[in-house]
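Consider the two complexes below, in which subunit A is the common component and subunit B and subunit C are the respective partners.
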Partner chain A sequence: MSANDTAKARDVSYDVLVSAHQPENVSLRGYVIGFIASIILTLSAYLLTRHGGMSKGVLVVLLSGLAFSQFIVQLIYFLHIGKEFAPRLKLMMLAFMLTVVIILVGGSLWIMNNLSHRMNMPSVQQMTNYMKSQDNL
Partner chain B sequence: MSGAAYFASFWLGKLSLKALPPSAIQWFGASLMILVPLGIALLLSVTHRWKWLYHEWLTTLDPKKIGVMYIIVALAMLLRGGADVALIKTQQALSAGSNAGILSASHFQQIVTAHGTIMIFFVAMGLMFGLINLLVPLQIGARDVAFPFLNATSFWLFFGGMVLVNISLILGDFAATGWLAYPPLSELHFSPTVGVDYWIWSLEIAGIGSLLAAINFLVTILKMRVKGMNFMKMPMFVWSVLGSMLLVAFAFPILTVTLTLLALDRDIGTHFFTATGGGNMMMYVNLIWAWGHPEVYILILPAFGVFSEVVSTFARKRLFGYPSMVWAIAAIVLLSFIVWLHHFFTMGAGSDVNAFFGIMTMVIAVPTGVKIFNWLFTLYRGRIRMASPLLWFIGFVVIFTIGGMAGVLMAVPPVDFQLHNSLFLVAHFHMMIVGGVVFADFAAITYWFPKIFGFKLNEKLGRLAFWLWLIGFLLSFVPLYILGFMGATRRLNHYSASLGWQQLFIVSAVGAAIIGMAVGVQILQFAVSIYQRKANRDKTGDPWDGRSLEWSTPSPVPFYSFAKTPQVSTRDAFWEAKKQKQTSTPQPYEDIVLTKNSPLALVIAGGALIFAFAVVWHIWWLAIVGLLIVIATIILRSMDEHTEYILSASEVERLDRAYLKAGGLSK
Partner chain C sequence: MSELPNAADAVEVLTRHKNYSNLTRTAKLIAKHDADTRTIFGFWVYLMTDCVLFASLFAVFAVLHNNTYGGPTGAMLFSLPYVLAETLILLSSSFTCGLAVLSAQQRHKKRVLLWLGVTFLLGASFLGLEVNEFNKFVRMGDSWRRSGFLSSYFTLVGTHGLHITIGLLWMAVMIGFVFRRGITDLVLKRIRMLSLFWHFLDVVWIFIFTIVYLFGAIKL
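What follows is the complex of A and B.
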């Protein structure tokens, strides 16, 4: 017996059923703003790297700033943080997310810096030359 | 480029007749991949089942049916992955000294890669999501998941990824890089064929499916529990799924991005992970394990949940130490994100880094141990019934403990320097994944089968299958520990005869053959059980004297799951209700809102599959077509305002009475 065969089943209109659950404060406008802002932030990261012509240190700071802004934009416009009263569950989720992000980003930085320090990592040019000498790349 | 060549490369990308299989064994595999679907199609036509298939299965949004489809696909892939094992083990048993075995080196590496990829992503993950679909809504007293259409989309994306891996048997080749495709080997320069692209794109689609499913089940568990079931009253399986889905939600995005970066390196010439141009391949290893270690706990947590249910049911006792089980899951979820470096201790980081991650790894064994003791204490002084699900549990405890101790050993960095990438490691993780995850899945299938299909599986054959599995498994993997100590590395397609390894490889191959027999017995078990289904019919809805809500429904579960909203005020709600012979005031039937079928989930995944296939072969026009199909279908679905229907109270009552009468239930 399948759901569709059931003779007495009735259709329900979306409005009746769902409008009651629709959270307030969530508008199309917010999503559009978030979407456009995300695209601008991503593109500027690309353009800065390709055509910015700034020193490596400055670039790292700028890119981190852009990444962080995008993080905030998405939290606000897509996940609607701060729009409603935050129950404990949501706060816990947010705290867990921040913990994981900090562990992963911090951990990766620690690991990779430690590695390049200990391996005495060659410059990009040296490495490329070496690889070319090993294997006709 | 000549006009004709340009024309061909525009319409066909890199695809040409050269993509067809080169060797006899590969032709055999390719023909199987063509003949099996063809055979199924023929069977459907002969029995006039196409309509039935379409209405009952392909378009369904019912999580119970989606769960069954996940499990069927996963079991089919278990056979495919098993066929890979047959080739791998034959090769290794033969190819000592002057004997080169039956496979070329590159073909052998492709098979090993396909084996690992398929077993993790399409068997272990498929069985897990299948069980979650079947059980989570029922156990929390919900009739559906939070987002039914998204759920079907997740399944079909998983299916699409599976299809793509198997297409690689017919057209082109598969990655020969190992199941995690480390660069620089997986970069274009060293792997110029489409193999790695198949690997990337099938995992991209299947991975996005998993991510969507995780979000769905997180919301389902957090928001759709029946009234009265607060967090500390949830069945332990639901808790373990909550933990596992949290891990999926936070870890799978890392996989998606890492694969995308590798694809960019291969397709548009970026240098994220190349050795030249400023790339760093260790960044790939770092990222892939930041997903990969959580992934192993994603698989094992639901397995823990299954055993929690099985142990308390078959000991007829409430689970020992419920709160400590919950805290163990929480601890594992957090610690899973702090150990990933143990997979690359040998890369050359300092002793501070290695020591930190080594200690964290040892710490994660503690909550795991807490869980093992809790199960044993649950059994202690219980009224034990030695049915086959409990046998799987006992096999699990033995194997998982040995494998876990091997893991703790490798958590010591200097020891790992010896054992890394050896067969010792291979033995460790097979003991965890086969002895842990797969045994749990078999226990679960035996245990919940009557709930879904209305009759029990044949117990005699089930026991035989268990013993064959246990013996075959130990015979197959204990030699790998020894070989690992002797220095045998993983993915070895040939070795010198003077090393004296061949006997152990032969023992291991014999073990694999016994596992093959065990699988044969399991297929027989399904056949015999279906044949004898009248005799094994479960008329009570509660064949094992169960404890959680799913056993309060008739078997097989009707499509609306619960005729009346279940009432929950304690842990083990159904058990307590039975004990108190609860004769509370009869509840009235109510109108039930259900979701209509829709073919669009299948269309979305079809579009994704076309897109992925086209990108693999660089057929850009087709990739755009695939992508447009996906986007258009999503928009189309969002416009549909009539996705649900109401089953009236009187109709529910009529159906429910019919069910109760057929089952001989008197409620």
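What follows is the complex of A and C.
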């Protein structure tokens, strides 16, 4: 029995496998970090909206950024993405889902805006007036 | 990226050293771990498809949010402090749900019951606030029949509320389960899936809070 072999036998002992085979194990520290970060991000989004006093465009970009940051924080600290062992199937499913979502939401908005443009509807008010005029049909 | 110790290597070395008691335990462990991991992964796949459902509803809301048909806009209807309270309650319940998983990992029955109980109460208060808000809108005559905007609003937020209701039912069942049987491997696995579900609902709420309520308040 070589020294290398003995080391290998020890490496694959029960305890090592027990700890390695529990990839879902989580720590209190992670939850506390995630919780505090989420509260800070939520409150800043709220305060920016109520008391920010900036233009709509800037506000929308800032709020989207804050929401996205909180999404990432919760993925890491609450849903434990990145703690799993290879192959990272959870991460792959997440990436596939995000691809579908981007196509679905982006595509819908694109098609509907294009349709609205082609139907030559200048304003929501005119559409509302038109619909009201059809109400008694 | 960490790799699992290679199970085939483990079995080969243990056999060569005639370490049969470790071999049996190792084989059982790997088999159980694989089964649990597969179940939890299957649940994760369901959550991802649920995300696609919510994305469709978000797309509908994004298309219809200006179609108020002379009815109220989001800025007129929503009270931001009220929604902030809902958000913080749901966020706290997500945190306490994580604490329940931690306690379950340590096989601490009383703490699991405590944290699941707290999570249930916070979740129920969130649902109560949401139902109260819906009820107020409907009584003012601004129900889902009022406009395209309100139809899509009630569908999106209502679907989230329905998920919360089902999560609360599941949590109540788990509390009974832990109370009667203690923390077995099966219970631990189910608590892990329940916490995935609950955190997922919190993630969806981030986007409802931002897109429906905050964007609504700045009259997009």
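Throughout what follows, the second predicted complex is superposed on the first by the 72 of 137 C-alpha atoms of A that agree within 3 Å, B and C clash if a C-alpha of one lies under 4 Å from a C-alpha of the other, contacts with A are read in each partner's own complex, and residues count from 1 in each chain.
Quick note on the criterion: a contact is a pair of C-beta atoms (placed from the backbone, for glycine too) under 8 Å apart; a residue touches a chain by one contact, two chains touch by 3 or more.
Since the model is a prediction, treat every value here as computed from it, not as a measurement.
In the overlay built on the shared chain, the residue A:128 is in contact with subunit B and with subunit C. Of the two partner chains placed by superposition, A:62 touches none, neither subunit B nor subunit C. Judged by the touch definition given at the top, the superposed model places A:79 against subunit C, while subunit B stays out of reach. Within the superposed three-chain model, A:108 lies in touch with subunit B and with subunit C [touch as defined at top]. Residue contacts after overlaying the shared chain place A:35 against subunit C, while subunit B stays out of touching range. By the touch criterion stated above, A:100 is placed in contact with subunit B and with subunit C alike. In the superposed model, A:118 makes contact with subunit B only, not with subunit C.
Legend: residue contacts after superposition of the two complexes on their common chain; A:88 is shown touching subunit C, with no touch to subunit B.
The partner of subunit A that touches more of its residues, comparing subunit B with subunit C, is C. Overlaid on A, the two complexes show subunit B and subunit C touching the same residues of subunit A, namely 1, 8-9, 11-14, 17, 89, 96-97, 100, 104, 108, 112, 124, 127-128, 131-132. On subunit C, the positions that touch subunit A within their shared complex are 1-5, 9-10, 13-14, 16-17, 19, 22, 25-26, 29-30, 33, 37, 40-41, 44-45, 48-49, 51-52, 55-56, 58-60, 62-63, 66-70, 80, 84, 87-88, 91-92, 94-95, 98-99, 101-102, 105, 192, 196, 199-200, 202-203, 206-207, 209-211, 214-215, 217-220. Residue ranges of subunit B in contact with subunit A, taken from their complex: 55-56, 62, 189, 222, 246, 250, 254, 275-278, 280, 282-283, 286-287, 290, 334, 337-338, 340-341, 347-350, 352-353, 558-560, 593-594, 596-597, 641-648, 650-651, 655.
Across the complex, subunit C is touched by residues 1, 5, 8-9, 11-14, 16-18, 20-28, 31, 34-35, 38-39, 42, 45-46, 49-50, 56, 59-60, 63-64, 66-67, 70-71, 74-75, 78-79, 85-86, 88-90, 93-94, 96-97, 100-101, 104-105, 108-109, 112, 124, 127-128, 131-132 of subunit A.
Residues 1-4, 6-15, 17, 89, 96-97, 99-100, 103-104, 107-108, 110-112, 114-115, 117-119, 124, 127-128, 131-132, 137 of subunit A are the ones that touch subunit B when the two sit in their complex.
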